[in-house]
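Chain naming follows the written order as A, B, C and D, and within any one chain the residues start at number 1.
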Amino acid sequence: MVTAFDYVPAIVLLPFVSFVVALFLGKYLPKKGAYGGIAATAGSLLLSIWVLLAVRSGSAHQETYWTWAEGVGAQPFTLEFGALIDPLSALMLVIVTLIATLVHVFSLGYMNDEGERDLPRYYAGLGLFTASMLGFVIADNLLMAFMFFELVGLCSFLLIGFHFRQEGPPSAAKKAFLVTRFGDYFFLVGVVAVFATFGTAAFSGAESFPALAESAINGTTEGINTFGFEPTTWFTIVGLLVLGGVIGKSAQFPLHTWLPDAMEGPTPVSALIHAATMVAAGVYLVARMYGFYVLTPTTMGIIALVGGFTALFAATMGIVKEELKQVLAYSTISQYGYMMLALGSGGYVAAVFHLTTHAFFKALLFLGAGSVIIAMHHNENMWDMGGLKNKMPVTYWTFLAGSLALAGIFPFAGFWSKDEILYEALIHAGSEPLLFAGYAMGLLAVPVTAFYTFRMVFLTFHGNARSEIARNPEPVRWNVKGPLSVLGVLAAVTGVINMVPVQKVLGLEGIDYLHRWLDNEWGGIEGLSSHHYAEIGPYSSTYPFGTEVATVLAGAAISLALALVGLGLAWKLYNVAEPVEHTAKLGGAKELLYNNYYQDEFQVWLANRTRGVSGNADTFDQGVVDGVVNGVSSVSLVSGDRIKRIQTGVVGNYALLLTLSLTALLVAFAILGGWF
Amino acid sequence: MVPPEYYLLLSSGLFCIGLFGILTRRNALYFLMSVELMLNAANINLVAFSFYWGNLTGQTFALFAIALAAAEVAVGIGIILALYRNFGDVDVMQAATMRW
Amino acid sequence: MSLLQIEPTNWIYAMWSLQPVVILAVTALLVLGIDSLSPDSRSNRLLAGTATAGTLVALGVTVWYLAAGTGAAGSGGPISLFSDAIVVDGMGLFFIAIFTSVAALVVVASVDYLEDDDNPAAFYSLLLFATTAMSLMAVSNSLATVFISLEMASLPSYALVAYLKTNRGSVEAGLKYFLIGAVSAAVFAFGISLVYAATGSLLLPEVAAAIGDVTDLAGILGVGILMVAGGFLFKTASVPFHFWAPEAYEGAPAPVSAFLSSASKAAGFAVAFRVFAVAFTPALDVAINWGLLFGILAVVTMILGNFAAATQTNVKRMLAYSSIGHAGYALIGLAAITAGASAANATVMGAAMAHLFVYGFMNTGAFLFIAMVEYWGVGRTFEDYAGLGRKAPMASIAMAVFMFSLAGLPVFGGFFSKYFLFLGAINAGFWWLAAVGAVTSALSLYYYSRVVKALWFEEPNGNLDALDSKPTGLYAAVIAAGVITILLLPGFGPVIETAEAAAAAIFA
Amino acid sequence: MIIEALLAFTFAAALLVFAVPNKYAHKLAFGLSLVPIAGSLYMWSAFETGGNALTGGQIAFETVAPWLEIAGYQLQWYVGVDGISLPLVVLTTFLTALAIMSAWTPIQDRQSQFYGLMLLMEANLIGVFTALDFFVWFIFWEAVLVPMYFLIGVWGGPRRKYAAIKFFVYTNIASLVMFIAFMALVFSLPVETFGLPEITQSLAAGELTSFYGLPADTLALVVFAAMFVGFAVKVPVVPVHTWLPDAHVEAPTPASVMLAGVLLKMGTYALLRFNFTMLPEQASVFAIPIGIIAVVSVIYGAMLALAQTDLKRIVAYSSVSSMGYVILGLIAFTEFGMGGATFQMVAHGLISGLMFMAVGVIYNATHTRIVDDMSGLADRMPVAVWILVAGAFAYMGLPLMAGFAGEFFIFVGSFGSTALPYAPVFTALAMFGIVIVAGYLLLAMQKTLFGPFRLETDYELTRAPLHDIAPLVALLGAIILLGVAPSLFFDMILDATVPILELGGGL
């Protein structure tokens, strides 16, 4: 019987086919491959929804498609490609394909209508990007995940550097690839370590590495090679190694620096990268192998701390940026910090929830920004905008919805997910100082987020137009407005899939759909459920405000209040007819924030140091290593030159030398032979 | 009978005189004559020990050696003549255009 | 047993057994005869044809004898003639094959070289007489015949080197060669007399038999052996008797250099191998460890020859030094001999013989290529050779073959001979000889490849129009040597097996 | 007899190409070079895996014939292939044909000699990978150098003479060291031929005796060290690598392709066949030094590449770096380590071949390889540039391309190695190479290929011709094919490498 799962490969392959078609035939096609891309991603979306429904109807799926390589002797590793379709991946498939489809449609407006060159390359890149991400999502083992993770990196390189004829984009593309590659190095070491430790990298099943790790810690499994460490210690090391890749891709501190630069790419690509593909990949990976991470409290604490810190750290940088997309970039870093905080504090569902809502509102914000950029003739400086509210209402209202979600204002999607993250961190922080630090920073980031978000909104859309272009912006077409509308609705209402506070406060059972979904209530794979993670996880819940309900209410109130404070401040400062810069009020911090805490400078310095070292190595190589080689040759030749000098050309000398040599030999052998 | 050591001393002395001549003389003809002395040192040994061992091998060989020495001188004189024609001298040290 | 008390020799049998030598001698006389019958007519080609035919027939007969096993253990053993003063066996025939091959190549090449010569008959007959004498050297079994044949080979050689009477280089070369040769001959003769003094015989087997009884004369014997060695070192151009070689090879007409550096060197080794293996092996324990002597000299010779060659600017002189270096390699064949290890001794000496065989072709070919360049009048230095590969590709390919083969690259015959030599040395436990050989080989690759570099990599910097004339004889000889050098890689089997068998017979 | 036919045909083709006029040589040579491809593909299709040729496994297409005898040893003509050598034979034939086509544009002088030498080199390379008798192997091994010497010396860049002689002499010295060591080893074994299987099995049976006072154990260690040094030069690894950049920079593109693609693999192939198959116990004695050499080669080679400004020099140093991985895989003595090392030989052969070819195509157009001299080439020659980008990503170990497969196998094999102490540390250090490689390749690409177009020429820069692009496409296809389906080769490689591990006493 044909089931939805038979078409799982097609979900990945359709965008891939679109890539191939656009690459080779794109220039002959109408719209240079855009329609093919839309068709392919829409097809994938439909199939993904079908798969989602299939999971909803109670089944899950795991299948191996292709054995990549297989050991035969002492290292019987099986390296293969397969699909793991469970509630998590099914949800993610829908998100990715939805965003990808909308981005393709939007690109018609942003790229085709704007008369960009090299469109086949653009659509080929989008197709490959989508395909890679989908391959990553369905991966049923860590190696396959790594491979598609890398391909995602490649695609980001290609798309960020799309405008290769300028100086900036190629440099940004290089930086994006290189910084994430640095993280991936640790990831790859982790993958290798997982194989060396467990002999398998499968995510699911009794022989999967999380399951083996669990039983190894319980002492029930023998033969796990932990390289002389305690299992927990070793698993912490391995977990942190894999986390390196996550930090790189999800742009967490200190590997976040590539992401703001990545704004050099076309705006739809930014939407794709930030909402559904590259950056999401890191967080998704942690969720995918959550069963491994929850085993080691240290790792969890570090994840939470990194997440909380990044959330605050990136948010502070967002408040001084002048360019629309830059603000969004820092907001992305910050929001993924929240997801990491959630994962680190045991909020598996909360993280997935925020991943979902963020995908919608961040895609929305980027596409909205793209719409503004079209209107502004590719001027991104917010100080040149203003008053666009009336000129482009669709963009404004959808952008506003996205902003409210991002700022975490009730009842938009972002409120629910962010609130749950902070709640989870709060109730688990009891005896965990790392968690508590993460929570505190996450909470502090809330007003900052609301402030920069609405600073952006007010500067862009409110007040008076501050430039000629802003007074007469270029109109946008259906292909821009359509995707914005879809996402605007989603950003407003996605919260309903998981209204835990409502459930807890009002006692309405069953409206925490996402919890039930991820808990395999309808279908799923044994061992990959949220309550399993909670069981083996290190945390216990304490309620600092007495009861659970009180804590829920207090937590929500605090975060909402803080968000409103940030919003209010932005309103006061920037929702005026002629806003001015207030950065001077920051004092010494201004320069620090403008320069992104000198993180870029630090990394450039590091890169230059490396080049310096390599220059020295080259000097050493040329001078010493090769010098020895040439020295041996020179010494040989010079000694040859000396040796031949005994051939003086004078025959008398020859006779003398001959006689002397013969005499010397006679004497030597006389002594040796004892003749006398 | 004269002990064989005496012959050896005599021939060695002669050989060394010839060698000394070679090392000190620049004139090609002297050089040639010194070589003759050295060959004759060998001949003394051959003849003496032919007597000592009681066979004729040494004496016969000495005759051949003398004949060869003569032939050698003939060739040598020819070369020295050519030397004189080309370099205007019979100084063996003069012909030193090729070296190293 | 003295010479006069022996039974009368069966002359017909002797002449038949010595047929290659006789043919060479007769050819030489024939050349002289033709020249005296028609002294006026320019008969260069006729003379050369006669000489070529003679050497080739002699070569043919030699190869036939070798193939038929004349003098081999399987077919009656070595043929002793003239009261054991001459012995025809595999080793002798093997070396005669080298001499006749080289002589044939040189004669063919000389046709063009002597085109404008007044008296080519003298050249050919001297060459043939020298070849005859060398062949006699190879079959000498008595120190008397060794000395006589060695001198017989040397005297025509002196004349050949100084053949260009009006050329200062040639005369200077002849003089130096002659003077050092004369001193060496005297040393050699004195050495023989001392050996005779100690053992009472000149026949090699009898000397060997008498060494055991030498007691108080051991020192005399030792000095004698060392001086005899000196005579051979001169002939093979080994340190410290090598001083003549760079100048003689550089100054002599290039075909003569080819002949001397290949055939004459091989002849020196032919007698040295026989004399030391047959007569002096027992002396290793008694009088003088001449294995060590040759070991030291081999090392010094390899180092001196190869290092001095490295920085030469004149190609011919570079080849002269390389020839000294190769003498060092062949000396390993003597150096690695130890008392009582006949199998290992035979292996290494056989390898040395095979090396000399291959060397005969590759080195002759290399010098003949230089003869060709001299014929064109291009010049003598590496710079002058620049770009010849474009103008004369076939000859330049052949030269590259010779160079790589001399360097011991496994592509050509020189590989097997040199490597089997090292292999034999390692087999006999003398890994240090092989190591020095390997190091110097590596260096040699540098200067040999300089020639290839000049021929092929450099752009022509002079006028190469002279290259439009094609010296047929030189071309034929160079190409023939090249083809044989290549074929000696796959076809090395018969060579090494013959050499090994011959060497084994000596040590048996 | 298929191997003999392959060799004979290639030699004959070389001679034929030498003889034809220059203007026909290029097409004739390419046409003729397709036949060895067909031959090697036939061998591949007819090949049934059956273990390692040296350790007693089944040898495919085996022929033995006596050749000559020396010192009581029988020399044989002995050829055959197993799962280790067959992929390399296929690589050789494939790469040669493509290299010949890539020569059409740059080689405009003495073509028949050039193509003749290429085919001659191919024949010798096939010989190297199929020979099973030491002397047959050694002859081919050294004979490869001669065509390469001429290719660099005649058709190379400004410093070609220096580079050619350096390459030639350096690698020959190394061969001599190895030769002497190997001879000493054979003479201490009760074998009667120089057949590599016989020698291996005799060593495995513990039949090594002392050699003129050197005890068997010491002898084995000395021989291992000497052979390692000898082969290390060819590979090359730090610190004996300096001939390689010079040779690569000066060599014409097709010669660079062959040098990086196949000639370097001779070194690692020989290490695998000789050092690690014959003397596994000694290898474990030297494990830490060799591990250090591997890591230093990877990191130091990559750092050197980072400092270069000549595109070819960058790729050349990165070859040093990549070869370090292979050494790491070999010394790990695990299934995936050794198998991965062998796979990486093929993978790196294809990828470095692609890189050199692509750089060559760019050089054909720009006449410069200096990074700072050009910018934005992607604007003018998009196809060549994007293939170069693909090649660079393959070099960086992008998944689903052959380089990742090889590197990952090596890493996963060596991380858990028991033969190499501190294996995880060594592996993790070596793996950092994947970051540096990305650094220098991306930097070079950003500067040369992207950004505003800038190049000072007095002519119009045009797209590369089809015959320049076709070999690039073919190589890229092969790289992706092997990246997606490494088991095409990996299965047979494992089949041939696992017996080595069993021979090594469970190391």
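Just so we're on the same page, a contact is a pair of C-beta atoms (placed from the backbone, for glycine too) under 8 Å apart; a residue touches a chain by one contact, two chains touch by 3 or more.
All values reported here derive from a predicted model rather than from experimental measurement.
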Problem set entry | Labels of chains that are neighbours to subunit B and to subunit C | A
Exercise. In terms of Cα-based centroids, which chain occupies the most central position?
Worked result: D
Exercise. If you tally the C-beta contacts for A-B and for C-D, which one comes out higher?
Worked result: C-D
Problem set entry | Most distant chain from subunit C by Cα centroid | A
Exercise. Quick one: subunit A and subunit B, Cα centre-to-centre, how many Å?
Worked result: 97
Problem set entry | Where subunit B and subunit D are represented by their mean Cα positions, the distance between them in whole Å | 64
Seminar exercise, completed: Separation of the C-alpha centres, subunit C versus subunit D, in whole Å, is 42
Exercise. At what distance in angstrom does the C-alpha mean of subunit C lie from that of subunit A?
Worked result: 78
Seminar exercise, completed: Residues in subunit B with touches to at least two other chains are numbered 22, 92, 95-99
Seminar exercise, completed: Where subunit D touches two or more other chains simultaneously, the residues are 169
Seminar exercise, completed: Check: subunit C positions touching at least 2 other chains come out as 175-176, 179, 183, 187, 246-247, 446
Seminar exercise, completed: So the complete set of touching chain pairs is A-B, A-C, A-D, B-C, C-D
Exercise. Which subunit B residues qualify as touching subunit C in the complex?
Worked result: 4, 8, 11, 15, 18, 22, 28, 31-32, 35, 38-39, 41-46, 48-50, 52-53, 55-58, 60-61, 64-65, 68, 71-72, 75-76, 78-80, 82-83, 85-87, 92, 95-99
Problem set entry | subunit D-touching residues of subunit A, taken from the complex the two chains share | 67-75, 77, 79, 143, 146-148, 150-151, 154, 161, 164-167, 169-171, 173-174, 177-178, 181-182, 184-185, 188-189, 191-193, 195-197, 225, 227, 607, 610-611, 613-615, 617-618, 621, 625-626, 629, 633
Problem set entry | Complex contact set, residues of subunit D against subunit C | 67-72, 110, 113, 138-139, 141-143, 145-146, 149-150, 153-154, 160-161, 164-165, 168-169, 172-173, 176-177, 179-180, 183-184, 187, 212
Problem set entry | Residue ranges of subunit C in contact with subunit B within the complex | 1-4, 143-144, 147-148, 151, 155, 158-159, 162, 165-169, 171-176, 178-179, 182-183, 185-187, 189-190, 192-194, 196-197, 200-202, 220, 246-247, 250-251, 317
Exercise. So in the complex, which bits of subunit A are touching subunit B?
Worked result: 644-645, 647-652, 655-656, 659
